[in-house]
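Just passing along the structure, written as structure tokens.
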Amino acid sequence: MTPALQTDGLGKSFGAFKANSEISLTVAQGARHALIGPNGAGKTTFINLLTGVLPPSAGTIHLNGEDISRVSQQGRVRRGMARTYQINQLFPDLTPLETVSLAIAERQGTGARFWSRVGSDSAVIDEAEALLTRMQLGAMMTRRTNTLPYGKQRLLEIALAMACKPKLLLLDEPAAGVPEDERHDVLDSVAALPENVTVLLIEHDMELVFSFADRISVLVQGMLFAEGPVDEIAGDPRVKAVYLGEDAHV
Amino acid sequence: MTSRFAFSRRAAIALGGALVLAGSPALAQETVKIGLILPMTGPSASTGRQVEAAAKLYIAEKGATVAGKKIELIVKDDTGTPDVTRRIAQELLVNDKVSVLAGFGLTPLAFAAAPLATQSKTPMVVMAAATSSITEQSPYIVRTSFTLPQVTIGIADWASKNGVKKAMSLVTDYGPGIDAEKTFKERLTAAGGEVIGEVRVPLRNPDFAPFLQRVSDAKPDALFVFVPSGFGSQFMKQFVERGLDKSGVRLIATGDVTDDDQVDSMGDVALGTVTSHHYSANHNSPENKAFVAAFTKAANMRPNFMAMGGWDGMNLIYEALKKTNGSTDGTALLEAMKGMSWTSPRGPISIDPKTRDIVQNVYVRKVERVDGQLYNVEFSTFEAVADPVKAAK
Amino acid sequence: MLTSVPPETRETSAPAAFLNAKAAWRWPEYLFWLSAFALILLLPNRHLLMNEIAILGLFALSLDLILGYAGIVSLGHAAFFGVGAYAAGLLTKYGVTEPVTGLLISGALAGAAGFLASFMILRGTDLTRLMVTLGVALIFHEIANRLDWITGGTDGLLGVAPSAILGRFEFDFTGRTAYVYSLSVTFLLFLAARRIVNSPFGLSLKALKDNRLRAATIGIAPNRRLIAIYTLAAVYAGMAGALLTQTTQFVSLEVLDFSRSADALLVLVIGGSGYLYGGLIGAIAFKLMKDTLSAMTPAYWIFWMGFILVILVLIGRDRLVAGIARPFAPLLRLIGGRRP
Amino acid sequence: MLTILFDGIAYGMLLFVMAAGLAVTLGLMNFVNLAHGAFAMAGGYATVVLMTRFGVPFLACLPLAFLFSAALGLVFERTLYVRMYERSHLDQVLFSIGLVFMAIAAADYLMGSSQQNIQLPSYLQGRITVAGVGIGVYRLFLVVICGLMALGLQLILARTRFGSQLRAAVDDRRVARGLGIPVGTVFAITFAFGSGLAGLGGALSAEIVGLDPGFPLKFMLYFLIVVTVGGTSSLTGPLLAALLLGVADVMGKYLVPQLGAFIIYAMMLAVLMIRPQGLFARGR
């Protein structure tokens, strides 16, 4: 079966500095794959390469077997890749309903219609309503985003990515900065993501990684350091050494 | 010119009614309103200031009553924008029921308002704008300023009489500049001279260096210059700085370059510059001495040719009202203005009854120091010059 | 109207109803347009000023489309106003004297200019955009000056004599036809703009303005949307310019002046951007203020304009308006959904 | 031809002298200060008043013009500008345009609407010939002053503690404050300095371009072009840009006068198209 995502020798250099080098990573269809690594390991660069924010210096990216190394950001979204951000990237002046409708309309190709009302496309609205309800945002869908509690905004991050109906979802530290009392909502929603969506989780929080992922890749100094099933990585002394040496709180 | 408006019937009645009302002699001591539209802000603000000061001074000196009518001057700022000029003129006509429109600092401002004068049959006294064709835009336009060709021929003739064979011209690249360039060339060529190069400088231009270098390369006998009055001083300085004065290129210009408003602060670089124009604050006549003294006292600045246009424009309106015995009928006023002549502070002037343009003396002057201040001192006169462009038609 | 709900809309879901309500007409809007049209009869001696207000309002509305909805700053919007004005003038002079035809063609030409110019504003920061738009306007100004054999250069374009609108309504001396014409055009274009900003396209523009990065990651191609709205705004600006030409029967270089672009910005500061009425309300306030101030002090009114502007920006328009208009607050809220 | 080259350099220096203050306020402080010209005008008028009414020699006027505008800048910074740093560029544009309007009307009221001129001392007038190339003395003076000024500014910025504090404060005010940098004071001093430079520029350029109440608007464009083309992260950028623009403009006007005003605008657009951050900007 074609892997959902495959990178071969992917690399990115900024001048002499190699932020990523020789990353060959395979994520199977429907996998719950986690990518971990200490600060500065090159996780953000890697995501930017995957999503097309940065052009790679070397290597290729295949999404469901198709080479997307030179495809634009929007093109990758249309081919089924969506992402969330570690720091909220939302539309503060829009409501969650509008936010999600926007992505759905865009996916359905009605996003550039300029002569019909936003509210008139019931296919879009119904889907948006269903998605928001599923993401526990039903009660707040008509409030302005910047008035929502932080945890709800994190949920909207995920909902917005899901609105693109991705085959591959990149979750960038979905629980970062969420207060303790709202944390459960976020973790539950992540756990409840549909099984047919492949998820690549980029995370710092080991508790979340171990409870969610079935496979883990470790990135250190821009290179793949280790890869394997959860229990194997959890027991790997080298990984522990890297983490304990770099970041004591894990 | 045919009328550009189809008068709505109601407006015609309203306007006509107003004119009848204003013109009826039964009502004694009514007011005659004069709408004075000038650029009071923006790049041409100094034009507006000079004209306004002169017009107000005229009323203060001659009294606010003429032929039994009280004169009311309504000053409006059009910021030098033609669509605003037009709107203000139209409002003055419709709402304030003015009997005369006056002012008009720049050519496009006069152009924009011209159809209104025709339509409402209201005299329009152009006190500043200087493009020759303005008076042709409406049979109700009368001018008391000057035309650029009119003053250009003075210097062109003087040049050819004083040994200038090969000349070059340097003008600002816009309407009046091109007028001046053309007139100068025609006139000099007709007298056997030659224009060996024509340089046009963009309107927004802080540095004349590249243009002056071309002049320096060509080495003409004389350089004829027209730049709008605010740029004269910079030009003069750079001309001298480049050593062109010493290399035998004679600087000749229209009076705009050595504007009375500016000439004193230009300093020694201006000395000896020969220009031709219709007015100098130094003009030697009792009328002018009185005018300059009163103006300086009232406005705290030296009057320039703009002020002169404002002063004579007011005089024209006053005299016309006297002639019509206070009737403000537009056509009657216009007829009264045609052919009128008087002695202005600038010398004898008259309104050509055919073209409604001003006929006046053009003086050739040289910048000299008089009582510690720089003035344009007149030394030669071309008498009763009409606008050459219209005279040729 | 509020009590009887037609059966087919009863099935509308709550979210759809919310979105529809956001785009629905509110009574102050009816009031606004009714009074604008009522002024035709009520203020017969100020038609000329009101004509200018309608044109400036349309011009500011056009700037609002790119600034308020797409977040594109511009110091040179007069470029398209000028293209429209000159196009209308030249069309009228050389045969196409019917104003509505001229208006449409002028709008299209300005739109073409806007389309070409739009490729220059896609990159860079706000500062880059300010300078690029300014530069484009300056070049247009210089071109118009240079082509004096066709545009009349600094003297202006003479001989612009439009015929009757649609062959029926002649321009009259008091400016009544002019006002009715400009107001009608402004109103129709406003309706279209209102429809567009409430469409999915309009929503995606707001998203682009709010967060361009994220908009790109949910599949919105920013450049095409920006080009589209910039072109549309240019069409609007061009039509405003054409209206000015046709109602004043004259075109001069001032239509391309920097101060014309600056005025539109000031109008939006006064009226607020991002809710379409800002340009119109701002234009009314701006013109009345300018008219009153310059009648009071013809030489120094510009000082007070500057003063008001500084205060407005410093304190913030919303807070100032809130302070002055607290009694009218509910009304203002009804007109504008959201204001920056 | 060499004369034209020198003229171009001198014109470039003139552009730089007019824009140097803005290179500080816009370039270093990232404030779109369209009122730059107003401070320049203040310096110019200070020079005119000092020279004509009090007979102060020209060279002595220059530092005084600097101080006058700097003081003015300081007052405005403390009272008004300080509230505008965190606002959007658009707000800054509108705010400073408002100030420009007020300055124009105020200058008109105080000084009159007609143009003021400065009389240079005789040793700065005229022209000397070096190796067959005629050079205006005042232009040479400008070139020297500007060169020194640019060098000095760049040294202050790159080598001193104040320079690094300023850069830190502009990059991130909060972090800078956390590091114990007195952000308010640093900004106030820098703004005053930028205004002072503007004033000096006004005093130096008034001789060539003239001085009237419309000054801030008339030349706004030139200041802005120099700074945006040069890039806003250094002072050498605007200097090089000014030189490049100056030489290209003078050469262009000399060789193809018909192109006249287009040259400088077209260059600006071309540069901003290719390098939106400016020609000499280092990637931020």
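Every chain is named by a letter (A, B, C and D) in the order it is written, and numbering of its residues begins at 1.
FYI, a contact is a pair of C-beta atoms (placed from the backbone, for glycine too) under 8 Å apart; a residue touches a chain by one contact, two chains touch by 3 or more.
Since the model is a prediction, treat every value here as computed from it, not as a measurement.
Common contacts of subunit A and subunit D?
Both-contact set = C.
Report the chain whose CA-based centre is farthest from the CA-based centre of subunit D.
For subunit D, the chain whose C-alpha mean is farthest off is A.
In angstrom, rounded to a whole number, how far apart do the mean CA points of subunit A and subunit B lie?
Whole-Å distance between the two chain centres: 74.
Averaged over CA atoms, how far is the centre of subunit B from the centre of subunit C? Could you give it in whole Å?
For subunit B versus subunit C, the centre distance works out to 37 Å.
Mind pulling the subunit C residues that touch 2 or more other chains?
142, 299, 301-302
Listing for subunit D: what residues touch at least two other chains?
Residue numbers touching two or more other chains: 104-105, 108, 221, 260-261.
With chains as vertices joined when they touch, what's the shape: line, ring, star, complete or other?
other
Between which chains does touch occur?
The complete list of chain pairs in contact reads A-C, B-C, B-D, C-D.
Report the residues of subunit C in contact with subunit A in the complex, numbered from low to high.
12-20, 22-23, 195-196, 198-204, 206-207, 210-211, 213-221, 224-225, 228, 338
Considering the complex alone, what residue numbers of subunit C touch subunit D?
67, 73, 75, 120, 123-128, 130-132, 134-136, 138-139, 142, 258, 262, 265-266, 269, 299-303, 305-310, 312-314
Can you list the residues on subunit B that touch subunit C in the complex?
Spelled out, the residues of subunit B in touch with subunit C are 4-8, 10-12, 14-15, 38, 40-42, 45, 48-49, 75-77, 79-83, 86-87, 90-91, 93-95, 107-108, 111-112, 115, 119-120, 131, 137, 173-176, 178, 202-203.
So in the complex, the part of subunit D that touches subunit B is made up of which residues?
3-4, 7, 10-11, 14, 104-105, 108, 112-117, 119, 125-127, 134, 136-139, 207-210, 212-214, 218-219, 221-222, 249-254, 257, 260-261
What residues on subunit A touch subunit C, complex-wise?
For subunit A paired with subunit C, touching residues are 51, 72-74, 77-78, 82-83, 85, 89-94, 97-99, 101-103, 105-107, 110-122, 125-126, 128-129, 141-142, 160-161, 163-164.
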